[in-house]
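In structure tokens below, several structures.
Here subunit A shows up in two complexes: once beside subunit B, once beside subunit C.
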Partner chain A sequence: MMQPKSADPMSRYRPSAELIAILAVCALFVVVPALLNNDYLLNKVARYLVLGMLAMSLSLSWGYAGILNLGQAMSFGLGSYAMAMTLKLKTVPVHTGPQGLPDFMVWNNVAQLPWFWWPFESQTFAILAGIAIPAAVAAALGWFMFRGRVTGVYVAIITLAAMVVLNLVIIDQQQYTGGFNGITDLAQLELFGIAFDAYGRSTYYLVTICMAAALLGAYAFTRTKAGLIIQAIRDHESRVRYFGYDVGAYQIVAFALSAAIAGLAGMLYTIVMEFASPTFLGVQLSLSVVVWCAVGGRQSLLGALLGAILVAGVQGALSESATFLETWTLVMGGLFVLIVLFLPKGLAGLVSSLWALIRQRPFRPFRGVHGIGQTEGGA
Partner chain B sequence: MDQFIQQFLTGLSIGSILLLVAIGLSIIYGAMGIINLAHGEFVMLGAYTAWFLQVQFGMGLLTSLVPIFILVAAFGWLIERFVLSFLNNRPLDTILATWGVGIMLQQAVRLTAGGELRYVKMPEILSNSADVLGVQISLYRIFLLAASLVLFAATWLLMNRTTVGMKLRAIIQDRSVAASFGVNARRIYGLTFAYGAGLAGLAGALVSPLKSVSPEMGTGYVIDAFMVVVLGGVQSLVGTVASAFVLGELSGVIAFLQNDTVAKATVLLAIVVLIRFRPQGMFATRVRA
Partner chain C sequence: MNPYLQLSNVTVSFNGFLALNDLNLDVSKGELRCLIGPNGAGKTTALDLICGKVKQSAGSIVFNDTVLDGLEEHRIARAGIGRKFQVPSVFRELTVSDNLRVACAQHPGVFSNLRPGHRQADDEAVERLAELVGLTDQLKRPAAFLSHGQTQWLEIGMLVAQNAALILMDEPTAGMTAQETRKTADLFLRLKGRHTLIVVEHDMGFVKAIGDVISVMHLGQLLAQGSACEIEANPAVRKAYLGRGGITNA
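Moving on, here comes the complex of A and B:
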């Protein structure tokens, strides 16, 4: 069944196995509504899918580019607010003041729509902005960091600080952002004549399609030349620099791409949750994203996605009881430390080494025979 | 003029708190290359220990400083010994591990001591205010300033004038060469981490009368302290002091003109711009990759 033409047949085989797994998972989520005749649960699954997408976006920057972004939720929150702003302007007049002014602005004695809200009258602009703004912010931040050749822990802390500060600013500027309460009472998104009700199938399919597109897009990106160079930078930055590649530029691209996917996930999250809140760019969520990624496997897009769905799903199931939820945070912290210590590649790493073990066993004698004529075979 | 002096003293006071929190972080980062994200939680632990000792045993803040240092340092030593020493060559993973430890600490405190705000009483003798250049300033803030400078001096002496400090500096320069000369790197790392943690605990205890004590109090501190370390430059204790006071004055002025949030945002922006042009920090004397 396997014709080993290259020195190491596994390396030829693994990518297609991953692709098949990705396609299988996407297909699985497409058929979920047929099996699940419960709008509430469907909404929950859609929520987990969005969170999975967020974790996948972090896997792209952390696992593939080696950029540990502790503030991944910042991009997510920016996307979420972009969507919430346009939906707020479209909401029914009960929730608005004169000339469609959002209700929280009326409460805060704001007489006119502030200038940065104007473009969000256009839904098309908002959707583009929800992807472009996080990407642009990440690119700008990346320009300062990666051009200054800052790496590792500095990047981690600066991204975290940027998110915390943005969170504070949003809470502080209550009259323009809704402050602590976020932006609530939104209209439903309408695209091409389809209304996206948070508890309807249309929303679920929208989420699934976006998730599948993002996952396949990210996977394709990691297979391109740029994607390979980014992984090379992760493994040995200065070596790649000596080859003459513009390391900073590649890092900025990976960082911005990851932010764009997170922004898209944020927009979907607003549609699924029907509000935007400062907690969407809070430390708690950002930390959770890192944990999901670590549990699922930071170096596997699919692993990170499934890790998020798994952990968030378990947490959601436990959240019925408050005491359990509090202990859960403790357990999650402990689990996280253990995984960092003993399973740095996460569950995906575990699966692939088990897979390799299973595949290797029966072929061992043949590989030995092939190995005789090959220079690299014995290594 | 009074306004100016008042403003200057406020900045100095903010700077001294920043310095208190940042010294421990700076030591650990400079010596071990570990960004200790649990640092804020060590600060929180110090504050809670102060509260606990006060409520349970009626101990005053000043008398409980030594036990607090020892307790938090011992805790730090345990973390280093049983978590971080497994992660020798994975600096990014130490950030994650310390973050995980931080969440567990936060949650453990929330579950045992409760999530509500706690208050620590100011020592009686320091509760008055003094007249400095025609401006009233609380004695406790002057005490904090003095305490931060004393702790800095002690740390500097420890690093530069003791055998342990010399061994630590040797390890920073080249771990394997130091080890071949018989320096026990693991032991020194454990001690360094414990010392940094102890300092964080002290910082938490010292700021607790000024701010309310809550399980979440650490998060803000660790980010502020990191800003100090970035601005000051790694491995430069003097830089840490200078940048703590520069940031303190800057935050004080902007907070006076606008508000705290704008101050935080401006400081962050300034630092992000700065690292583009001077990634080694403002006051670093030497640079190592």
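Moving on, here comes the complex of A and C:
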């Protein structure tokens, strides 16, 4: 009688397997620089980590809240441009003199700095904006969609369309945005007296810390009651309403949180890549994120993160190898089809089924006793 | 005194078909009202209307001095109305305990539910509820694995968790064994008084066991109302059920 009762509260304070796995992965990425004495590779790992963060943010909205956002790269791009704008303005005194303009504006005969560039003189503003603007845009878009009870494929179409519109505007307004070329030739970010060189360890650690913070923050969100309710909404949206929950409000919060993380990832991407480009909010990247998420397991934050790192890593390796130079997209496409067909919960689903199998074997007789005890306690 | 729940002259039209036609229905506080009627009488539509799933084209609904006309579903739920659906509607991918946790909806606001630790606060309630509906040993399993009867019980448990003042039950004993049905009847009798219940049911044995007042609906209108004996003796009711083997086999 006593044992099952005391077993439950214990598990309440014990960290879940998911949390242990998250901490282990974060620890692993912290020690990577010690094992990898190559600045070029370190930059590459940092890049994959940022993409992992982006996939993780989609897992939050797609896997947990059931909102398939095909325009996840829009938030990523907004964050990326916010960082690029402030880093570009820092180069002005060097490139074109103290009263000058960013170089591409000079080439496009722009007379004075457009108003929306002004606040980006402040790096603090830019960093806040890189998170707040994507979140606010998502909240506004979400307000229209979820108040109007738009669901499923229509959400996918609207988000994709919104991203394409923004992408076209950025390309079109070349004099203010750098157009096709994006914003290049940036200064280094300096924070608390540390300069973040894209190929330095400081940048790698900045990315790792942000990734860990975002991952733990997203995990904490999924563990709150609101996190539970968004999963209930994913499962059976209308049923949740009859319990008194404002479904639209929950969807907007989840959607905006996901966008905020994607915005943070976008800022880091600018630092790691040393430029911002319209391709950062392009259809190709945005759909790749969906693939990474599906491969890793969209209902697992860690699964999506590792899925992105794995697929983007393999993609990188294949596209650089001589044997697969022509066929790597075919290989990736085949892999994706196989996983979607045979592992609907992605690699994370595979791991958790294997884990359950391993755990079950040695403890089977013990679990039987446990089960009987519980029934007695309940009756 | 005004009735607790009052439907006055409500009409619901589905593309011209009047599912409810000028229906009047009063329920007083603490009552357990059974709603019966032949297929297509509009029983489920009446429940759908009260909980906001469908909107009326005419008439008005007042619950506990609140006018429900045109309110969104979650506002109606917050006013104190809970609903159990005919096809058991639970969150199939979530575990039984998470289902019950979602149903503990005393604080429905999104920001109050962002605080950490809130989820644990419901744990005690979840254990108590699981015991009430006999699902203690199923707490960690996804609801999709439950049998039909267990799913019905889970949804009933969720309604108890929601602790709504007015509970609308649509065929709660469908798919249950005779023994489970008896247990359900016991539970409903316990809920009566603290909660007000409206139960749509076909099983006359069950209706007789739990109901004080029975309302009979036919063609979207209230046909008769009274105790089980009065209803069975009512010629209009007999006529409505004609050719269906009588009311007891409805």
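Going forward, the second predicted complex is superposed on the first by the 338 of 379 C-alpha atoms of A that agree within 3 Å, B and C clash if a C-alpha of one lies under 4 Å from a C-alpha of the other, contacts with A are read in each partner's own complex, and residues count from 1 in each chain.
Here is the rule we go by: contacts are C-beta pairs under 8 Å (C-beta built on N, C-alpha and C of every residue); 3 or more make two chains touch, one makes a residue touch a chain.
Remember, it's a predicted structure, so these values are computed and weren't measured experimentally.
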Using the touch definition from the top, say if A:232 reaches subunit B (first), subunit C (second), both or neither.
second
Looking at the overlay, what does A:191 touch: subunit B (first), subunit C (second), both, or neither?
neither
After lining up the shared chain so the two structures overlap, which partner does A:333 touch, if you call subunit B first and subunit C second: first, second, both or neither?
first
Subunit B or subunit C, by number of subunit A residues touched
B
Which partner chains sit in contact with A:157 here, subunit B, subunit C, both or neither? Use first/second/both/neither.
first
Given the touch rule stated above, what does A:224 touch, subunit B (first), subunit C (second), both, or neither?
second
Touching partner for A:246 - first (subunit B), second (subunit C), both, neither:
second
Does the superposition put A:24 against subunit B (first), subunit C (second), both, or neither?
neither
In the overlay, answer first, second, both or neither for which of subunit B and subunit C A:144 touches.
first
Which parts of subunit A are touched by subunit B and by subunit C alike?
none
Along subunit A, where are the residues that touch subunit C in the complex?
8, 12, 220-221, 223-226, 228-229, 231-232, 234-236, 238-247, 249-250, 253, 371, 374-375, 377-379
Residues of subunit A touching subunit B in the complex:
66, 68, 70, 141, 143-145, 147-150, 152-154, 156-158, 160-162, 164-165, 168-169, 171-172, 283, 287, 290-291, 294, 326-327, 329-330, 332-334, 336-337, 340-341, 344
What residues of subunit C sit close enough to touch subunit A in their complex?
51, 53, 72-74, 77-78, 82-83, 85, 89-94, 98-99, 101-103, 105, 108-110, 113-116, 118-120, 122-123, 127, 130-131, 134, 136-137, 158, 162
Write out the stretch or stretches of subunit B touching subunit A in their complex.
29, 33, 35, 83, 86-87, 90-93, 95-97, 99-104, 107-108, 110-111, 219-220, 223, 226-227, 230, 259, 261-262, 264-265, 268, 271-273, 275-277, 279
